[in-house]
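We call the chains A, B and C, going by the order they appear; numbering starts again at 1 in every chain.
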Amino acid sequence: MIRPHRSHPLWFAFALHRVSGLGLALFLPAHFYLLSLALTDPVSLDSYLALAENPLVKVAEFGLVFLLAVHFFGGLRLIALEWLPWSGRQKSLAAGAVAAAFFVSGTFFLQAV
Amino acid sequence: MLDMRLYMLQRITALIMAPLTLGHIAVMIYAIQDGLTAAEILGRTQGSLAWFLFYGLFVVAVSIHAAIGLRVILHETLGVKGAALRLFTWGVGLVLLAMGGRAVWAVTVL
Amino acid sequence: MFCHGDWSTGLSLEREELEVAIWRGDATGGGFEAFRVPAQDSQTVLDVVAWVQQNEDPTLSYRFACRVGMCGSCAMMVNGVPRWTCRTHVKKVLKDKKVTVAPLRNLPVIKDLATDMDPFFDKWIKAAGVHHPSKTRDDPIEPVDPSSATRLEADTGIECINCSVCYAACDTVTGNAEYLGPAALQRAWTLYNDAKDAGQQTILDAVAGNGGCHNCHSQGSCTLHCPNELNPMKAIAGLKRATAASFFKKRK
């Protein structure tokens, strides 16, 4: 349950940024390991890549691209908040970051299926 | 916990990655069409100095950025601090750098 | 528990009652205790707490002084949200005639609803949130231009009443014991923009340390809950900008 003092849009934006960052950081070692198979074991790399035809894997990929995009747009909002002249429209900007992330990851998904 | 130096490293690596991430997403959207094969990926990247520099810089920046980010999460959620926290930060950064460096090497050099 | 006759004017036999849960305990632990409190018009949360102390349990400890939202002593967690209780109408926060009242988050409890504010004020000093004189008594008074950009910026933060609502709302404070917190950092930003303060560099150094402004995650709970509608998140962003600018200048 979200505690009452936290239930507001900018706290959710923070939570999304933290969860997406954590998710991406945990995914990175797997990503790197898979790519280095090109060096050591090209055959199993191809068998891993073939897994991407599975619809579940496509949804998981969409999730990863969403995490990346939402961390990217959310991060840009934070740097703008900190380093550019103040804007009072932080809630709208945070919502815009999520919308942009859906647009980008949605585009990826439509290309993948 | 986050002093000026770590904060600036976190923000500067973020700014370095901003255009790289856009490029990476664009490549993903392009490459995912008609499925992925090792031959397709390697055909694009191998022997290319441009891709080596692009992903090499990306790996360096993300290793620093992720190490500092995980450091903050570890401190704020589990209360780890001092030498253990420093060790964790360096450990995460170096492991990501090594694994990422190997991946970049694998897809661009050989 | 309590006798209706004491409160009823005789006109209404069934006076409405509030179900109030008040946190009782001390630094070693505690829990909520239930009370029934007669509802009244224009009743504040502080009125409810005072009623319980005066009519039900004289050992209930809480802190208040001015009762008009100026002194900053009566802040408590009301239904899980930090609020100034003297200016919070019960009607606005009631959920099914129920309300919970607890001591502020992020501060050690002394007893019941009274928290130890020392860490909060110690951090004001750590953030260099004290006046740094620029002149002696023999100098003419520094004129302050009320329309200058820095004065307008300082004005946005000067109505802080040190109630610690923002400090209790902040999850970064919860996770990071060293973090100076929204109120202290906003004070530092106010003084940084004050023409009569000579400590600009002192302030930047004080807020750039381990527990400084760079730990803020811009969750915005401070700004959302500030009873005086100040914007500590914006003030902290100002400090981040000023410290980053001075970081780049020093490198050149």
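Annotations for the structure displayed:
The rule is simple: contacts are C-beta pairs under 8 Å (C-beta built on N, C-alpha and C of every residue); 3 or more make two chains touch, one makes a residue touch a chain.
By chain, with names taken from UniProt: A, B = Succinate dehydrogenase; C = Succinate dehydrogenase iron-sulfur subunit.
Computed from a predicted model, the values in this text were never measured in an experiment.
Contact topology of the protein chains: fully connected, every pair of chains touching. Taking A-B and B-C together, the chain pair joined by more C-beta contacts is A-B. Rounded to a whole number, the gap between the C-alpha centres of subunit A (Succinate dehydrogenase) and subunit C is 35 angstrom.
For the pair subunit A (Succinate dehydrogenase) and subunit B (Succinate dehydrogenase), the distance between C-alpha centroids works out to 14 Å. Separating the centre of subunit B (Succinate dehydrogenase) from that of subunit C, both taken as means of CA atoms, is a distance of 40 Å.
Of all residues in subunit A (Succinate dehydrogenase), those that touch two or more other chains are 18, 82-83.
Looking at subunit B (Succinate dehydrogenase), one finds that residues 11 touch two or more other chains. Touching of two or more other chains is recorded for residues 240, 244 of subunit C. Listing the residues of subunit B (Succinate dehydrogenase) that touch subunit A (Succinate dehydrogenase) in their complex gives 11, 14-15, 18, 21-22, 24-25, 28-30, 32-33, 35-39, 41-42, 62, 66, 69-70, 73, 92, 95-96, 99-100, 102-107, 110.
The touching residues of subunit A (Succinate dehydrogenase), when paired with subunit C in their complex, are 3-6, 8, 10-11, 14, 17-18, 78, 81-83, 86, 90.
If you check the complex, the residues on subunit A (Succinate dehydrogenase) that touch subunit B (Succinate dehydrogenase) are 18, 21-22, 24-25, 28-29, 31-40, 42, 45-46, 49, 52-53, 61, 65, 68-69, 72, 75-76, 79, 82-83, 104, 107-108, 111-112.
If you check the complex, the residues on subunit B (Succinate dehydrogenase) that touch subunit C are 1-4, 6-8, 11, 72, 75-77. Across the interface of their complex, subunit A (Succinate dehydrogenase) is touched by residues 77, 79-82, 105, 168-169, 171, 217-221, 224-225, 234, 237-238, 240-241, 244 of subunit C.
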